[in-house]
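You will see subunit A twice below: alongside subunit B first, and alongside subunit C after that.
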Partner chain A sequence: MSTETEPATVAAEEVTPHREPVLRTVVRNPTVVTFAVLVVIILGFTVAEPSLFFQGDNFLQIAQNVAILTVVSVGTTFVIITAGVDLSIPAGIVLGEVFSVKALAMVGGLDADADATNAGYILAALAGGVLAGLVIGGINGLVVAYLRVPPLLATLGTLGAGLGMALVLQKGVNTATYALDPVGHGHLVPGVPNLIWIGLIAVVAGFVLLHMAVFGRHTYAIGSNPESARRAGINVERHLLKVYLIGGLTSGIAGFLSVSYFSTTSIGGHSTDNLQAITAVALGGTSLFGGIGSIIGTLIGVWIPAILNNGLVITGVQPYWQQVAVGFVLIAAVWFDQLRRRSRDRF
Partner chain B sequence: MTTVDGNGAATVPVLSAHRVVKTFGQVRALRGASFEAYPGEVTALVGDNGAGKSTLIKILAGALPPDEGEVRVDGELVRFANPHDAKDRGIETVYQDLALAPDLDAPANVFLGREIRRFRYLHNHAEMRRRTAAAFRELGVGLVQDMRAPVAAFSGGQKQSVAIARAAMWASKVIIMDEPTAALGVIQTEKVLDLIKRVRDRGIAVVFISHNLPEVLQVADRIEVLRLGSRVARFRRGESDVDRLIAAISGAYTNEEEVTAA
Partner chain C sequence: MRDRRRVVGSAVLAVGLMLTTACGGDDSGSSGSSGGGGLAGKKFVLMQGVKGDPFYISMECGAKEKAKELGVDLQVQGPDKFDATLQNPLLDAVAASKPAALLVAPNDVKASAAPLKRIQERGTKVVLVDTTVDDPSIGVSRIATDNNLGGQKAAEALNTLLGGAKGKVLVVSVDPGISSTDARVAGFNEAVKTKYTNFTLASDTQYSHNSPQTAASVIQAELRRNPDLVGVFATNLFTAQGVATGIRAAGKSNQVKVVGFDAGPDQIKQLQAGDVQALVAQKPYDIGVQGVEQAANAVEGKPVTAKIDTESLIVTKDNLNDPEVSKYIYKDSC
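Our next item is the complex of A and B:
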């Protein structure tokens, strides 16, 4: 219905946000900034040690090392965009490991050798990891969304409870298995470890769900202003539950992958995986205040600490400097996010 | 179901309340309040603080259920369980806080909860942007060049325009606005009033609350005055002035025959 409204009468435009120079727009985009940081780091190490650092094999090795963290960080991105947080990641991972080996034991595949295993065993273990993740994610979601317990404390609670539960189920002892070797050490495509494909699948799935699906749109809306989402008819509680289920799911799958890679559960390990994931997400420009973030940013955020670590080892510097550097880069990234918000918001 | 309006013409109000009562604990917010809004007219709802304006509007918008009394849409008795029922009837509400998601751009806000989809689960943002730009152009809202900016970057008046335009895009019958100009400067207010008239000219009933009486007299086709939870006066355009409105608001004037006693 095109009416003949006269645009001239309304053309008296009040202060429109003025067009910004391209450079400033680019710098304001946090993903571009962190990507630039990553490129600078890579360039630095390449100049320092080109023959060892800037090699395809080296990058493949790093990609394999970060694959499991990548999977978890994709889930954490969703959680943080809702202005939430998931500290229970280590519990999700460890329970994922435990449920994986329990499932393996149930189908009789626990003691299968790497070359005598089969798809059934692997799927059973995966199902175990998925189940563990959904249980802990479901509890997180119910407690955060419906009981309205702040996510920091809710997931701190499930972190402790989940780790304790894993110890109880295992009676404090780890279980070893080689039945999942094809996942953790196999190469469906020659030269490219399977873990890399799995990390890539997580990234693509996360990208589609967050940036292209209505689900992602509602995730941003809830993180931005839950009341606006509610008034728009979005079932905020149910959506938050789903988001925490995704967070739990990626942790549980990470547990399955961890058993596959290390050939054993590690019920005393993973204690800083939550901080690593949150660091990666924050480095990638996702706002801890919710409403802003991206999967590609998270991917970059996963790679920055990994590249630093790898480069420092190769150049013969104490790799412990990585922790120091990442700490400061993280603070800078969050500070940057706040600056951006302050300069953008108008009232 | 036809009522006869003050001029004797048979017109069915598109949205009406009849003898609505609403009590919050000890507070009797509405004591038999009635209200009518007609298609293609701007109806202003005025009254002192605490007169019950926001409560009445929430009942009309489906955000609150009435304790007693009736709400009718096109003469038909309705019982809204939630704002969604009202939206389904073509009634959109712009609340005082606007309820925009600041990190999303204008098209995402306009289509929030009603996204245009493809492949069932994905959103079609390009199409939403196109339709938003077209609607903004038609409504005379500027901003068409800022379709990609988060609404947090907008000024107060621009945000207000987005919220009203969103309501206008979805309202087929009624737009209800609680103090849409309260937080705005002079120029921005003028723009929003323009927008209100433009929406009205599309045949939509516009209901708005305002404390700014000159503004009310300027834009309203009808004015209803609420006092202590019931309607005490109704005016058509030109029947009132600031003094008379103040008299009605403060209880010194009434033109309602049957003001329900407290």
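Our next item is the complex of A and C:
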């Protein structure tokens, strides 16, 4: 396997058909339809309950609630663009939570309440979450890229192993802490919860890495056709490892954020977070077969189920219908996107 | 090159599988049943609903205490998850060791019935603790919390917290179709309709799917629709966690009181931090004590009470240190 960097860069540009200015790429993005779906849903609820639904603080609350899922979904976008999948997200999140509280305990900050906490405690907990994420992501990457186990099974394995490990480390019991309150409930900018900024940072970082850096072009190239990417001189294995590391990293950070927001680990929870993230990425127009996708699409994909749930509660729809609605919108949105792509391909 | 990787990979997998089976084999560890008269030295087994849960650990503590008193040899087992496919193999292993009595919290009302029936037919006396099975022929005694009454207690707790004031209240439960939480919800709704008529239900029961995130977003949306909400009954831990977080993020902590269910270390921490203002605690310790008692009666051929409903009690910050209350807080270890 060649590791010379010169030809790799040149080759990658050959893989992407033609480079366009960033702005035009965004406008031509395969997420326009999904965005329209989101707008229609928002309009619908606004007409139904204008005084309750279409309010700035309602959107701020939704943004705060989806921030953690947003961080995870950014990582998942990279994984899915390589035609992979990461089912181990709940394990990454739960281990991230566990490592965060373990790190907090190590520096003696576990029982510090919101007033007595300090930046050192918070950084220690963050480091714990990051470490957990890198471990899970690293194992996923090594197994998928080098042992060539299909990602579905590899990450299914680490899902079970990681959740089990969390139970072992915690002896089956959750740990509560209020030391991370400044992250989960603080407002550095008055009126805008910190979690929203963290979600935004993840989106911007993901956007830059995917759409404006060589790293992103290699990711698309591998997702479209790993063999031609390899022939073009990309070190496919090493790149896949990095992609799964990003996926693990975002899960681990999400674990840290989850402890911050909910003030406790939830070792039995998060079981559907992987499906929620995959739903968001798919809604956002990222192809599960790889090679196509965008961060902005994922951001919209995170918001559609969140808006639906919020709006259906506000309009007083019977709770059982919420799941039904989200399911159908997922199918409809992906179908519209397919239609649009097929019609484009004809020309 | 690639082939060698594959070989290494499958070797790792094979070793892993061997380890797993080897560990699984340990579970059937049987200590030969000793004869002896009366109860002394008789083997009892407590099969928990899930390992490591403070509720079941407290039940274990009660059962062990009673077993010690009676001179019974009590062994404790439990699956890693609340899942009949994990519990049933353990039950079969227990059956092979032919204990005199089995106290069991079955994981599924239907799927757990077959192995329990087999155990019962081999002469082991079966006592169902906490959860049950549909088949009424299984178990000489069934001991569980009256969850309906627990729900009524939750309404009582909210009423006390709010000083009998009028207002809208809401129930956020886990998922529809879980017998214990459904009974809690029914009890709460009944109490609101008959006894605490100062309350009105703000909407149908909402569900968190046991996810704090969902609970948080649901309660925030409800607070938009019902800004004058005064109380929430959250029927389990994660739901209460999410509800409390959502209320806090919406800046309504002072206005909305939250009543949670169960009194494990996590819930007590929530109570002390002020996220939750009251808890309805079950009495798993008592269930364990009475379970062993009934099992012993059955083994000795004495009369057995077929159904025992244990009560629950209200825990608040104020009565938390009262020894009569604190003894019912669930334990991490005995």
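Here, the second predicted complex is superposed on the first by the 299 of 347 C-alpha atoms of A that agree within 3 Å, B and C clash if a C-alpha of one lies under 4 Å from a C-alpha of the other, contacts with A are read in each partner's own complex, and residues count from 1 in each chain.
One rule holds for everything that comes next: a contact is a pair of C-beta atoms (placed from the backbone, for glycine too) under 8 Å apart; a residue touches a chain by one contact, two chains touch by 3 or more.
The structure presented is a predicted model; accordingly, all values stated were derived computationally and were not measured.
Visitor: Could you look at A:263 and tell me whether it touches subunit B, subunit C, both or neither (first, second, both, neither)?
Guide: Second partner only.
Visitor: Could you look at A:151 and tell me whether it touches subunit B, subunit C, both or neither (first, second, both, neither)?
Guide: So A:151 meets neither subunit B nor subunit C here.
Visitor: Between subunit B (first) and subunit C (second), which, if any, makes contact with A:64: first, second, both or neither?
Guide: second
Visitor: Under the stated touch criterion, which partner chain does A:84 make contact with: subunit B (first), subunit C (second), both, or neither?
Guide: A:84: touches no partner chain.
Visitor: Please determine whether it is subunit B or subunit C that touches the greater number of subunit A residues.
Guide: Looking at subunit A, the partner in contact with more of its residues is C.
Visitor: Which partner chains sit in contact with A:318 here, subunit B, subunit C, both or neither? Use first/second/both/neither.
Guide: second
Visitor: Per the contact definition in the header, classify A:167: touching subunit B only (first), subunit C only (second), both, or neither.
Guide: The second partner, subunit C, only.
Visitor: So, A:133: does it touch subunit B (first), subunit C (second), both, or neither?
Guide: A:133 contacts neither subunit B nor subunit C.
Visitor: Which residues of subunit C touch subunit A in the complex?
Guide: Subunit C residues touching subunit A: 2, 5-6, 8-9, 50-54, 80, 176, 203-207, 209-214, 216-218, 220-222, 224-225, 238, 241-242, 245-246, 248-250, 265-266, 269-270, 273, 275, 332.
Visitor: Quick check on the complex: what are the subunit A residues that touch subunit C?
Guide: Listed in rising order, the residues are 49, 52-53, 55, 58, 61-62, 64-65, 68-69, 113, 143, 146-149, 164, 167, 171-174, 176, 178, 184-185, 193, 258, 261-264, 266, 268-272, 306, 309-311, 313-314, 316, 318-320.
Visitor: Can you check the complex and tell me which residues of subunit B touch subunit A?
Guide: For subunit B paired with subunit A, touching residues are 83-84, 87, 95, 97, 99-104, 108-109, 112-115, 117, 121-123, 137-143, 145-146, 149-150, 152-158, 187-188, 191, 194, 198.
Visitor: Which residues of subunit A touch subunit B in the complex?
Guide: Touch list, subunit A to subunit B: 2-3, 5, 7, 9-11, 13-17, 208, 212-215, 217-218, 220-221, 223-225, 227-229, 231-234, 290-292, 341, 344-347.
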